[in-house]
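Below you'll find the structure, written out as structure tokens, and then a few comments.
As written, the chain order gives the labels A, B, C and D, with residue 1 at the start of each chain.
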Amino acid sequence: MTVSVEVRVQEHEFDTGAEFGLLRADNHSDGATTIFVGSVRDFNSGDPVTALALEYYPGMTEKVLADIGQRALERWSLGRVRILHRVGQLVPGDDIVFVGVTAPHRQSALDACGYIIDLLKTEAPFWKKESGSGRARWVESRASDHEALEKWR
Amino acid sequence: MTVSVEVRVQEHEFDTGAEFGLLRADNHSDGATTIFVGSVRDFNSGDPVTALALEYYPGMTEKVLADIGQRALERWSLGRVRILHRVGQLVPGDDIVFVGVTAPHRQSALDACGYIIDLLKTEAPFWKKESGSGRARWVESRASDHEALEKWR
Amino acid sequence: MIRILFFASLREELGCEQLELPVAGMGDISQVRAALQQRGEKWAVALGRGNLQVALNQALAGDSSTVKAGDEVAFFPPVTGG
Amino acid sequence: MIRILFFASLREELGCEQLELPVAGMGDISQVRAALQQRGEKWAVALGRGNLQVALNQALAGDSSTVKAGDEVAFFPPVTGG
């Protein structure tokens, strides 16, 4: 099996079960699969959220995601990496991001999954605008997301 | 949403997409879902594997899994924890174990998922017998699985 | 009586899945183990292994755990699930 | 010409999604930024923010990155995906 990185940015929903199937199909050498899915919460920093608009930078966003996946492949012994991200109009409960990693061993799959989502949070050009309580506001970047990178230095 | 731990030991296959759906259903407070799936590899320690038989201790195994899930709930702020494990006859490519965790924040979900699978590997009474190259052998426990526990002390 | 269970490679090695022992003279797990080891060379060797684990009433236990009538004691090799 | 893009809150603040600037006098990103800031008070403030990020041809860049005709330069606030 050849190692691979697949990335996709899309408006429509993704199907986590189907994506899991693609990570596993004809893959008998990787004993470990790790998936992270991020979803829209109904509260953020104490404020109710009723809708979320996601903007991105077509072209650059896909390149950054592919680059993050590639850096994970160089750092751990992995099989397949899949990174999906939704853009456009979302509501609470909707899934925003999918990170899936397969590896021969579990620690690599777990670490690489955490690494990819940490890098995506700080490097990939996506911006969220939340609506709730009758007003819309751009989400501020979090210091904690930058601090999370410390463990990968 | 109330926190919960669900565990299941079963002979039949599980459906990762459906299990993901159960973790997410009516769960708008948890922004993060992490899944780990362990699968039967076609090689182990350099030897080909054509089949795997999984034995367990009915009663105790379920208690240990529930206890591991409960300890994860006490250690991190989590929503739902699901731990499934197959027993009986498996072949390469089959999924053996599913660990799913939801949490308000991603690091808790990722850490708890790794914690649960590390504890399951060393504490839950399951035993594997591999077949391949015309002979069957009980799988030996790995020192690396015990070393992996160090990070949770 | 105390109910004794054996799992995996230990079960195969002993050719025994479960048995019952009278509780008389059994104060703790170490005495249960010693009684089992009396059953012959095969039992003495298999139950003497240092890496063997013991559960009392479906919870991990040690040699000094106290046993009483109706208890379930299980011996098994290191676990290999996941 | 150099093509300039603005995203998210910066795009809204400027009321501008993209524009083109003649390359004359533009050696690096800092000069592109300075030229944009000349467009008025709103532009001076918005493009003067310390946390603004810049990409040159769809890769993160710094103030000293060299620009040339046909390049795409993007300014945007800190990212908040995932």
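Heads up, the rule we're going with is that a contact is a pair of C-beta atoms (placed from the backbone, for glycine too) under 8 Å apart; a residue touches a chain by one contact, two chains touch by 3 or more.
Bear in mind that the values here come from a model prediction, so they are computed numbers and not experimental data.
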| item | value |
| --- | --- |
| Any chain that touches chain C and chain A | B |
| Separation of chain A from chain B, taking each centre as the mean of its C-alpha atoms, in whole Å | 22 |
| Between chain B and chain C, centroid-to-centroid distance (C-alpha), Å | 27 |
| Length of the line joining the C-alpha centres of chain B and chain D, rounded to whole Å | 48 |
| Numbers and ranges of chain B residues touching at least 2 other chains | 38, 106, 117 |
| Shared interface positions of chain C, touching two or more other chains | 82 |
| Chains touching one another, given as label pairs in label order | A-B, A-D, B-C |
| Contact footprint of chain A on chain B as seen in their complex | 15-18, 20-21, 24, 27-43, 92-93, 95, 104, 106-107, 109-110, 113-114, 117, 148 |
| Complex interface listing, chain D residues touching chain A | 5, 7-9, 12, 51, 55, 58-60, 74, 76-82 |
| Of all residues in chain A, those that touch chain D in their complex | 38, 54-57, 59-60, 63, 85, 96-97, 117, 120-129, 138-141 |
